[in-house]
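Scrolling down, you'll hit the structures one after another.
Paired with subunit B in one complex and with subunit C in the other, subunit A is shared by the two complexes that follow.
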Partner chain A sequence: MINNEQEKKSVMDAILKGERDLVNTLLDDYAASRSYRTAMNEVLEPVLEEIGSRWTEENLSLAQGYIAGKVAEDLLMKIHNAEKDTAAKQAAKVPVVIGNIEDDYHSLGRKLVSVFLQSAGWQVYDLGNDVTAEEFVDKAVEKGARVIGVSAMMYTTAENIRKVRDELDRQNLSGKIKLAVGGAVFKLRPELAAEVGGDGTAANGFQASQLFEKLWEESLREVPL
Partner chain B sequence: MTSMERVVAALQGTNSDKRAFTMTLSLYGAKLTGCPLTEYYTVPERYAEGQAAVADQCRPDIIFTPFALALEAQAFGSEIVFLTKDPPNVKKPFIRNPNEIGKIRVPDIEQQEGLLYLRTTARLLVEHFRGTVPVCGVLTSPMDLPAIIMGVDGWLEMLLFDREKTGTMISLMSEYFVSMANSMFDSGINFLAMPMMFTNPRLLFEKTIVEIVIPALAEMFGKLKGPIVFHHGGNPLAGYLQHYLSLPNIGGFVLDSHDDFSEARKTVGQNMLLLGNLDGPSLGKISPADAVEKARKILDNRKEDNHFIFATSSADVAWYTPMETITGIYNLIQHCGA
Partner chain C sequence: MTDKKITCLACGVFRMEIEALSRQDKLDCNIITLESMLHMKPARLEEEMGRVMEAGPNDKFLVLYGDCQPRMHEMQARENVSKVTGINCCDILLGREAYRNLQKDQAFIFLPEWTLRWREVFTNELGFENQEVAQAFMREHRKRLVYVDTGVMPVPDKTIQDISEFFGMPVEILHISLDILLQGINNALRKFARHDQNDK
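Presenting the complex of A and B:
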């Protein structure tokens, strides 16, 4: 069993205080005798889980959540650089596709989801803002993704998510490719997820990985490899 | 007593014939007059007709100018969308990246269409109510406006990591906000209400609030020609009020529906006006009887508090809220002296 409670506590405290540089130093120190990936797996990931719980309990500010996303992004960049051309980077990662639906430009949540999914080991294809249903589905088919994550902030843009469901149906991919939906409007109206054709939603970005895992497993059950 | 006298009594803490009350019925006026929202939020006369209908049928003691914050973002270049049963919203922020801050220009409040609409509406409401019902102007907080000009992520990134650009952004917001707010006071509004989000520890670090936000707001608020009602902006406020007491021109605080008035009183003292805390947007999701019961509990809780105005918290009362709910609350208020 790894005894790194002090390191996790220090990282958590620094995130809560908004000390991004200090978090990076702490993780650099931890990685020095191990690796950045180890620092992610053994320190930051458990801290992010705790951050997610605090978010769910409304015991975390937006800025604290944002800093958590930034430090995760910083560490992912270091992992990327350290593992360039190595077998570790080539190791099979599970691809997923995410983006903001057509006409939606509210990207904060989607960016955090992207970082937290990558931290949890997913290969994320982030298509950005204002993504059409065809673009989502075509990219998922191209990359072999079994989950598409679509974000919308407003009710009017959330309604466009139906087009992704329609496109999946049109290409006979529903069941094989699952549709995760998220964004502020789904927090206010959870029933909307099903109304727009979503297969599931999460209360916040920190829980996205759990949702994607669940949907991925459902996909494999319904349409095995 | 007129509504104006009732609201002044609440400000002064003196007795009135009944409890002053208001609901955020900015949007609801369009429902009462059957006005399409594309007209309601672009033609000042249509909005004023809607609020006249609100006054006739719902009889609140405070009338609001349009709760349409997106119009200010539009004035800075953001793309907005008009909805059929909600106020306009920002579809696409003007810039995405803090490095594009040089593109932002302070709009001309005498020329820009949306701002002219807001200013003209304020003037029409003041003319219509002629001092019998207070008119409350509604504007976006100058610390929140950047979030709808450049996106929440862009503004957070700037606030947390780039003091220089944050300073530039605050200067731009200050130039706009002070002139826009004072033009509304010149039109005769009695006070200005602002939902305050990037001012609250639920969004920002306390050190950001103390070091950046409060000094900036203090400078801007100090230049205003009238009082401000500090609105919770969708976040709990009671536990954080100590941060805002030193701000100039604060006339009162609107609390969140989850806030505890007693906790707020401990911080602000007995003489500060408090408003709220019946959640407005969710009123349509409960039965009229349940809404009245919620209102009754709040009124019972504050029955000894003369510096209290019963009001809805959060955003507009939703379109689908039954009129029966609003009249039920009004009828309840008739029996509540203050």
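Presenting the complex of A and C:
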């Protein structure tokens, strides 16, 4: 078992204080005798898991959530550069499509999900805000994605997710392409995920990768390659 | 158009605007406003709205809120409740098209009530005590800062200057009337008028 509790605590404290530069220094120091990927796996990922729990418990400010996302993004970039041309970099990444549903412009959660999915090794196609059902499905088909992640902050915009389910049904893709849904309203009323046609949701953005993995496996079981 | 049997349950962000409509005799009902910061705590907002409605089980409630808590939809479906159309306060004040255009332009919108307490909002509620982090956040997510002048108070020039300096971005001023808000209120009140007619 790795004993790096002090490093994790220091990184967590720095994130909570909004000290992005300090977090980067701490992670650089940890990576110096190991690697950036090790720093991600052994330090930042466990910290992000804790951050996710705090977010779910509403014990994390927007600024702290933002900083957590930015330091993950910083470290991802370093991993990307360090592993350029290596086997790890060249390994085929699994494509997924994400975006905020039509009429929804609350991008912070989606951006965090994008960073955490990338850090878990997914190839993320982020379509941005105000994305129509057709745009989601067409992009998933184009990129061979078996999971679409749709974000909505409010009930009214979450209702628009039904259109993505309808479009998947219309193109006979339900089963093959799974629909992950997330956003503030689903945290408060998780039953809404099924009501709008979602195949699953996660308690917070930090758990998105686990959800996507589960849905990807379900898709492969239902419609094998 | 309105009467005292109706209670306008509104977000505090609209307080100055509905008081202005009331002074102009365009809105004549009981007014209850809740703390606008509940926007950040939707579950608590749901509780608070429920508490107000439970206190007046026979009242009619004109709800001046966007889609700000998870069960607003069910709440507005009740016979004695009618909500103005709009997904949030900016949509309700600006109207659908203008609101959508500002969102597409990635504008952050400052309404008068939040503007007066902007430091409290950004530091205490959102945690942006560090100006550098606040600037990075705002620049990454928004291209424009827009203060919406609803005409209910003088444009707070000094405050707007402070906001601009804090975020390192210019603040545009958009002047609007209360016509769209009033139209939304009147549309919502028609639900009660229809019910009253059916009861006769």
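Simple rule for what comes next: the second predicted complex is superposed on the first by the 224 of 225 C-alpha atoms of A that agree within 3 Å, B and C clash if a C-alpha of one lies under 4 Å from a C-alpha of the other, contacts with A are read in each partner's own complex, and residues count from 1 in each chain.
The working rule: a contact is a pair of C-beta atoms (placed from the backbone, for glycine too) under 8 Å apart; a residue touches a chain by one contact, two chains touch by 3 or more.
Small disclaimer: the values here were computed from a predicted structure and weren't measured.
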Putting subunit B and subunit C onto subunit A via the overlay, clash or fit?
clash
By the touch definition at the top of the document, which applies to A:18: first (subunit B), second (subunit C), both, or neither?
both
Given the touch rule stated above, what does A:66 touch, subunit B (first), subunit C (second), both, or neither?
both
Contacts for A:78 in the overlay, against subunit B (first) and subunit C (second): which applies, first, second, both or neither?
neither
For A:185, select first, second, both or neither according to whether it touches subunit B, subunit C, the two together, or no partner.
second
Subunit B versus subunit C as contact partner of A:107, first or second or both or neither
both
Please tell me which partner, subunit B or subunit C, touches more residues of subunit A.
C
Go through the superposed model and pick first if A:163 touches only subunit B, second if only subunit C, both, or neither.
neither
Counting contacts the way the document defines them, which residues of subunit A are shared by the two interfaces, the one with subunit B and the one with subunit C?
18, 20, 58, 61-64, 66-67, 103, 105, 107-108, 154-157
Complex contacts: residues of subunit A adjacent to subunit B
17-18, 20, 58, 61-64, 66-67, 103, 105-108, 111, 154-157
Considering only the defined contacts, which subunit C positions touch subunit A in the complex?
41-43, 66-73, 87-88, 100, 103-104, 106, 125-130, 133-134, 136-137, 141
Subunit C partner, complex, touching residues on subunit A are 18, 20, 58, 61-64, 66-67, 70, 103, 105, 107-108, 129-130, 154-157, 184-185, 188-189, 192
Would you pull the subunit B residues touching subunit A in the complex into a rising list?
81, 83, 86, 89, 91-93, 96, 151-153, 156-157, 159-161, 201-205, 207-208
